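Both complexes below contain chain A, partnered by chain B and then by chain C.
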Partner chain A sequence: MRIDTISRPQDTIRQFILDSVNLPDLDDDFDIFETGIVNSLFAIELMTFLEKAFNIKVTMDDLDMANFKTVNTTAQFVLNKQGASGV
Partner chain B sequence: MFNHHLLTQQQKADYKRFREYVKEYVEPFASEWDKQQGVPRSVIEKCAEAGFVGGIIPKEYGGGGWDTVTFGLLNEAFGAASSSLCGLFTVQTMVAMTISRWGSEEQKKQWLEPMAKGKVIGSFAMTEPKVGSDIQSIETTFTPQGENYLLNGTKRWITYSGLADIFLVFGKNEDKSMACIIPSNAPGVKVIPIRDMLGFRGAYLSQLEFTDCLITPSDLVGKPGLVIAYVAPYGLHYGRVSTAWSSTGLHRACVETASSYASERRQFGEPIMEHGLIRELLTDMVVEMEAARSLCLSGSIADDAHMPDAMEKILMAKYYASRAASRAAANTIQAMGAAGCHEENRAAEYYRNAKIMEIIEGTNQVLQRVLGKSFARKYKKKS
Partner chain C sequence: MTDISLEETIRSFNNTGYPFPEDKTIHSLFEEQVERTPHHIAAMFRGASLTYRELNEKANSLAYLLREKGVRPDVIVGILLERSLEMIVGIFAILKAGGAYLPISPAYPVQRVQHLLRESAAPILLTQTQLISRFSIDPDEAEVIPIDLNGPVYTYPTLNLQPVNSPHDLVYVIYTSGSTGKPKGVGVEHYSLVNRLNWMQRKYPISLTDTILQKTPYFFDVSVWEMFWWSIVGARVSFLIPGGERFPQAIIETVQTHSVTVMHFVPSMMSVFLEYLRNSQSDIQRMSTLRQVFASGEKLTVANVRAFYDVLFIQNKTQLANLYGPTEATVDVTYYDCPMDDSLLHTIDKIPIGKPIDNTQMYILGENGELLPVGETGELYIGGVGVARGYLNNPQLTSERFILFNPQGLFLQKPPLDPAKTPDNNPPLTESFKGVQGGVFQKAHLLYKTGDLARWLDNGNIEYLGRQDFQVKIHGLRIELGEIESVLSRHPLVRDCAVIVKQFSQNITLIVGYIVPKAENVSSGELKEYLKNLLPEYMVPNMFVIMENFPLTPSGKVDRNALPDPSGLFGTKK
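Moving on, here comes the complex of A and B:
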């Protein structure tokens, strides 16, 4: 799998979610966990994807559902993480 | 010999070492451990000295730093000879990898090093008398008391808990899922051995009772509320890696037993191998073994590459490999007739253990529930 991170994090994250749930489109403020569109594995799959795609390490302190609620909050989380580690 | 072209030279060499070890130190004794209903502690200590008990634990904590494929190969090699001993690698790894991923730095230092050396054995305590598949409904409670908690509840069918030094226990504080590490000799812990299981007879299954056990914040693993979503799946994932590969080992043992018997046993004036129906059984067994190995390898390689779909691939591998091993064990008994139905022959033990593989680390019906939902989404055509 080639992971394209040159685009905005939103685009990369949205594409991963769209591929996983096979939806035609997804609003960046749509709550992906509340609406039941993802299965029980998805929380870890998304975390693994973010670690690989953005070269970050998700720690226990980062685990807050608010961070991964929507495409926009996830992108913000990635940017904060990258900022903090100077990536 | 499992000599797949996708294995590295190092993985092939490790697998060879595992097979040689099993041949000398496991195969000749495994049947007795099953009959006596306990793998001797000395056997576990010897495995630990060889680096097998903590192989996958990171090197910085004294482990072997193995990749998932190598850990899988260990389970294939040992799974062919003793499902009970292999169960130790399963649960030790479930606990160690959970601590390695989500434990605090203090917990890693305190537990991973002795676990890597086999000086501390860990058990994964999730299932309860009233709660099996539906883990969201666990009834074990963590009741706040100042900054600490009191742990109360009962866990059942916990592999190696009769021998373990620590338990990774899952429960809830109101609706928030929680987990902690508790030593087996802590005040308020009672361990009641369970004997006469169908399979895994040597794996020290027990019931655990926790009564007002004091849990401090430093004993907790993971953040309250996120334990079922993040902490438990991580341990269960490595449990499935182990179970999937160990099923393929058991499958191989069945193929070897059935082939040997069918080549020697004569009926109607010729070896039963010459009869079409026996050939059909063996053909299906071997083709399914290869398919199971491929799924195990694909999932483990994905895990080593930290791919997001590794967990799903391992679910598929566990689902397929356990079912295939069960079919292979049943077919082995069929090919052996009455001889396969007596405990003097290991086929009967394989049959008993293969059934267990379809139940542990998520029953196959529960895996169908998860995978079926995921596949329906993934493969529906976009309008």
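Moving on, here comes the complex of A and C:
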């Protein structure tokens, strides 16, 4: 998959979630786990996607579900990882 | 096909007799192993470990205390812990004292913990200090004993206790979801477990250099082989960190650090795990010690096996076996070695659950209890030494599901003695097998009625074809939708309810609750909170749909197929 590097990570992440759960749209602050539209297995699918799409590595220290609960928190997580690795 | 040849065919498929140490308990086998490998590492957790001797001494010391407090054969002792070294010390202590262990999730709501202790009449609950404050257990009901390894309880002698058990005493009680609204406790005896482990060791031998990953939550019976198999052959167990079963990173890290060679996956988790691994050659490399994976708990698909072949077989030569079995028949009763052959995997469209394990018979019966020939779909019944004693305190349900075998005695057989073995390790057959011809009520006469649909294949493998009822599996966790509905219907604002499981994508399967409320002001958040106090988290519906009334079938029942699709109901526009 090619990622447009100019687009905000939110757009990429939101699109991935929408493709996975078959919803028409998704608010970037909508808690996808708490509201029950996805399950814990989806967290792994999401991490797999993030690693591939943003060229980051999710490590043991990152396994806090708070990182992945909304489009916005996930985007912030990605930006932090990219910043930390100097990308 | 005449009846005679049909009987012969099924008999040949079920020709599984094989000797096992049927006069032994699981803890006596462990004690024998301690003598053989006292200084070998037995159990590992994070950076800590116990040798066989250390584990045995800790467990003995605690067992003396338990025996002093009245634990005897068939006394059930609760244990409520996170994965830890205390978990295995506590379990062996309960067995050595003579009792049976009842594993309880620390994540269960207090009311469910209290219910399980009361229902099983458990006089004692073993736990960790860090968990005590979460539970208010009435001291009149059960005595709570923290068993932290650095705590004060290990003051008793460390020598092995005088054995008090027969192989037909209970070894554990595991509760599963019950359709009538209450969980049901399945009681399993030592000899059933010893046979199950003996078969696994015979078929997939492990040795001193092997490490099993303890990853399955211990209140599901898949955990039982992870908990004990290593302990009777001198291998090791590695306890995954609490919560780590949900994250590939934690699993990979532990496999690498503790050189894990054998582990289990539920297929849905295996699927996302393999996709995660597929990205990273280095992560696959970190899994290189892994030799054997067992999959069970839900249907294993050809796509799952192909992914396994691509990711773990190609690079690491890891093998995959598919296992099947209900809690009522001691973990697993059939096995199938998945072919690691790329071209073959492109020609098959189903993965069978395979053939019966040692001393186990499978029957596929029609509606009138008649034997069905190869290819015909019917209900699966299980016989043999794995059949559990029954449901605790529930003779009615037990007699509905554990059925006395056809009095004609068809298909019953004695396991042959193994001529290659010496008389010493080739012990006499159990009375239950000998008694078969006599027509006395014996365990070997019982069949467990699974509720699963299946059919025989020509080569003696069995193909699983789904459920007959409303029992569902989510990530391998067995859930009776009726239990959720029963609890939900007791909420004061619920007039009517229906609970279904909906698959949204390959790996997203959610529980959806439909409610017709008595008043308008019921919210899904309130219903979730209510259920979280009464049910395990994994049984609480992920989402609720509030309706004015339900679509009905012509016979007046809720038409489950006509309930609205919930995915359209998320008005989440920005």
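The rule is simple: the second predicted complex is superposed on the first by the 79 of 87 C-alpha atoms of A that agree within 3 Å, B and C clash if a C-alpha of one lies under 4 Å from a C-alpha of the other, contacts with A are read in each partner's own complex, and residues count from 1 in each chain.
Just so it is clear, a contact is a pair of C-beta atoms (placed from the backbone, for glycine too) under 8 Å apart; a residue touches a chain by one contact, two chains touch by 3 or more.
Because the structure is predicted, anything quoted here is derived from the model rather than measured.
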Superposed partners chain B and chain C on chain A - clash or fit: clash
Touching partner for A:G36 - first (chain B), second (chain C), both, neither: second
Which of chain B and chain C A:L63 touches, first, second, both or neither: both
Touched partner set for A:S7, first chain B, second chain C, both or neither: neither
Chain B versus chain C as contact partner of A:E51, first or second or both or neither: both
Touched partner set for A:L26, first chain B, second chain C, both or neither: second
When both partners are placed on the shared chain, which of chain B and chain C touches more of chain A: C
Partner chain in contact with A:F16 - chain B first, chain C second, else both or neither: first
Stretch of chain B, among 6-14, 24-32, 42-50 or 150-158, that runs into chain C once the two complexes are superposed: 150-158
Shared chain A contacts, counted only where both chain B and chain C touch the same residue: 20-22, 24, 39-41, 43-45, 47-48, 51-52, 60, 63
Residues of chain B touching chain A in the complex: 102, 104, 222-223, 226, 229-230, 233-234, 237, 306-312, 315, 370, 373-374, 377-380, 382-383
In the complex, chain A residues that touch chain B: 1, 16, 20-22, 24, 39-41, 43-49, 51-52, 60, 63-65
Touch list for chain A against partner chain C, complex: 20-28, 30, 35-45, 47-48, 51-52, 58-60, 62-63
Touching residues (chain side chain C, partner chain A) in the complex: 246-250, 253, 268-269, 272-273, 275-276, 279-280, 475, 504-505, 507-510, 541-543, 567, 570, 572-574
